[in-house]
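Chain IDs A, B, C and D follow the sequence of writing; residue 1 opens each chain.
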Amino acid sequence: MAVHVKYFASLRERIGRAEDRLDAVNGMTVVAVWAALHQDTPLPPNTLAAVNMEYAELKQEVRDGDEVAFFPPVTGG
Amino acid sequence: MAVHVKYFASLRERIGRAEDRLDAVNGMTVVAVWAALHQDTPLPPNTLAAVNMEYAELKQEVRDGDEVAFFPPVTGG
Amino acid sequence: MRVELREAPFDPLAELGHYQHTQAELSGRYGATAVFIGTMRDFNDGETVQGMVLDYYPGMTEKYLWRIVEAAHREWPLLDTLMVHRVGELQPTDPIVLVAVWSEHRAAAFSACRFLMEELKSKAPFWKRERTSAGSRWVEHNTSG
Amino acid sequence: MRVELREAPFDPLAELGHYQHTQAELSGRYGATAVFIGTMRDFNDGETVQGMVLDYYPGMTEKYLWRIVEAAHREWPLLDTLMVHRVGELQPTDPIVLVAVWSEHRAAAFSACRFLMEELKSKAPFWKRERTSAGSRWVEHNTSG
């Protein structure tokens, strides 16, 4: 199954790209999506995650076609 | 000694005039100023008083030349 | 800082824009502007309101407004405050009061703006007399904040 | 209700006046308008700031802003809300965010306006990158309210 992954702000710069695609396996969690794509880089502390544009826990399971996003703490307003 | 007395809003209408002058005596309090001018009408409950444009207690003593004001609770803004 | 009473209708947004424009030394320093605008409604306490007179105590009212503005500036790190209050004859939809507060960060601006309105409503010498189809009546008490 | 992201500079007071003018059904009903304007300062965390980029998550950011506006309307008796947030390249003194809330009485407008700003600041997906004479840096944390 395919998962679309996005990065924002400092995390995007650190990784050097704005998105990834992953052939995920059934039952994969958000944090496992990160681990599969960045085997040598643990998820930076305080990183936030979203699935289909809703904030998500790292342990949430992803489904085929999901958009998973990782980004640093927000600093708007 | 002379005291200048002012009334505002519903109190002014009730009394039928906007001001009074009183020949006060030394040591007279704010509430005594009212009593001297309105012998048959007790000070209406919740009436506020000011002396020289500062909120004042009813027991504050007035001095020669003071401006004493009586008015109902405020309803601005 | 500016505190003003107005006998004639005023446009709070134009007022605010103009005042801010004249305060050149504010530019680049403020991160937060908190504004409150009080407007006359056409309905109050269950009745349609056709007009209103705002009575005040010339001299004391201005003095009291300045006092609460100064109290806010002592309590919070504010850069500036503008307060404009209507008096006299008002029509429904007329702005009654404008309070604007500028500060570096939002907490001070929010807190001071609300403080100013609560103080103004509870203690500044203004009295409303509303005109309805049933006649004219003095407003007896203010709405709580 | 309106929620908007803007790529280009905007004038919050003009925006507010225009929006209010178009909401004819509000007229006469609201007694209270609470407004907050967040503005880019030329100084932050001890350094002169020359410019800023506001990054966001297209799709999720708008969705999140609508969610907090809807939460405010569930929590307080509001008549209307306008929220405009800048994105992209900003210069010092540029407005960043405008939040305006209309209600019958002041408590709801004040509380909702502050709630919206706190929610926006703490959770809406926006990220600031500041440009100073020492180069460019992502802002690490927001100022608390």
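Odds and ends about this structure:
Simple rule for what comes next: contacts are C-beta pairs under 8 Å (C-beta built on N, C-alpha and C of every residue); 3 or more make two chains touch, one makes a residue touch a chain.
Quantities reported herein were computed from a predicted structural model and do not represent experimental measurements.
With contact taken as defined at the outset, chain A and chain C are each touched by D. Once chain C is ignored, the contact network of the remaining chains breaks into A, D | B. Using the average of C-alpha coordinates as each chain's centre, B ends up farthest from chain D. In this assembly, the C-alpha centroid of chain B lies 27 Å from the C-alpha centroid of chain C. The geometric centre of chain B is 49 Å away from that of chain D, both derived from CA atoms.
Centroids built from CA atoms put chain D at 23 Å from chain C. Looking at chain C, one finds that residues 38, 106, 117, 121 touch two or more other chains. Residue positions 77 of chain B are each in touch with at least two other chains. Contact between chains, as defined at the top, is found for A-D, B-C, C-D. Residues of chain D that touch chain C in their complex: 13, 16-17, 27-43, 92-93, 104-107, 109-110, 113-114, 117, 121, 143-145.
Across the complex, chain A meets chain D through its residues 6, 8-10, 13, 50, 53-55, 69, 71-77. Chain C meets chain B in the complex at residues 38, 54-57, 59-60, 63, 85, 96-97, 117, 120-129, 138-142.
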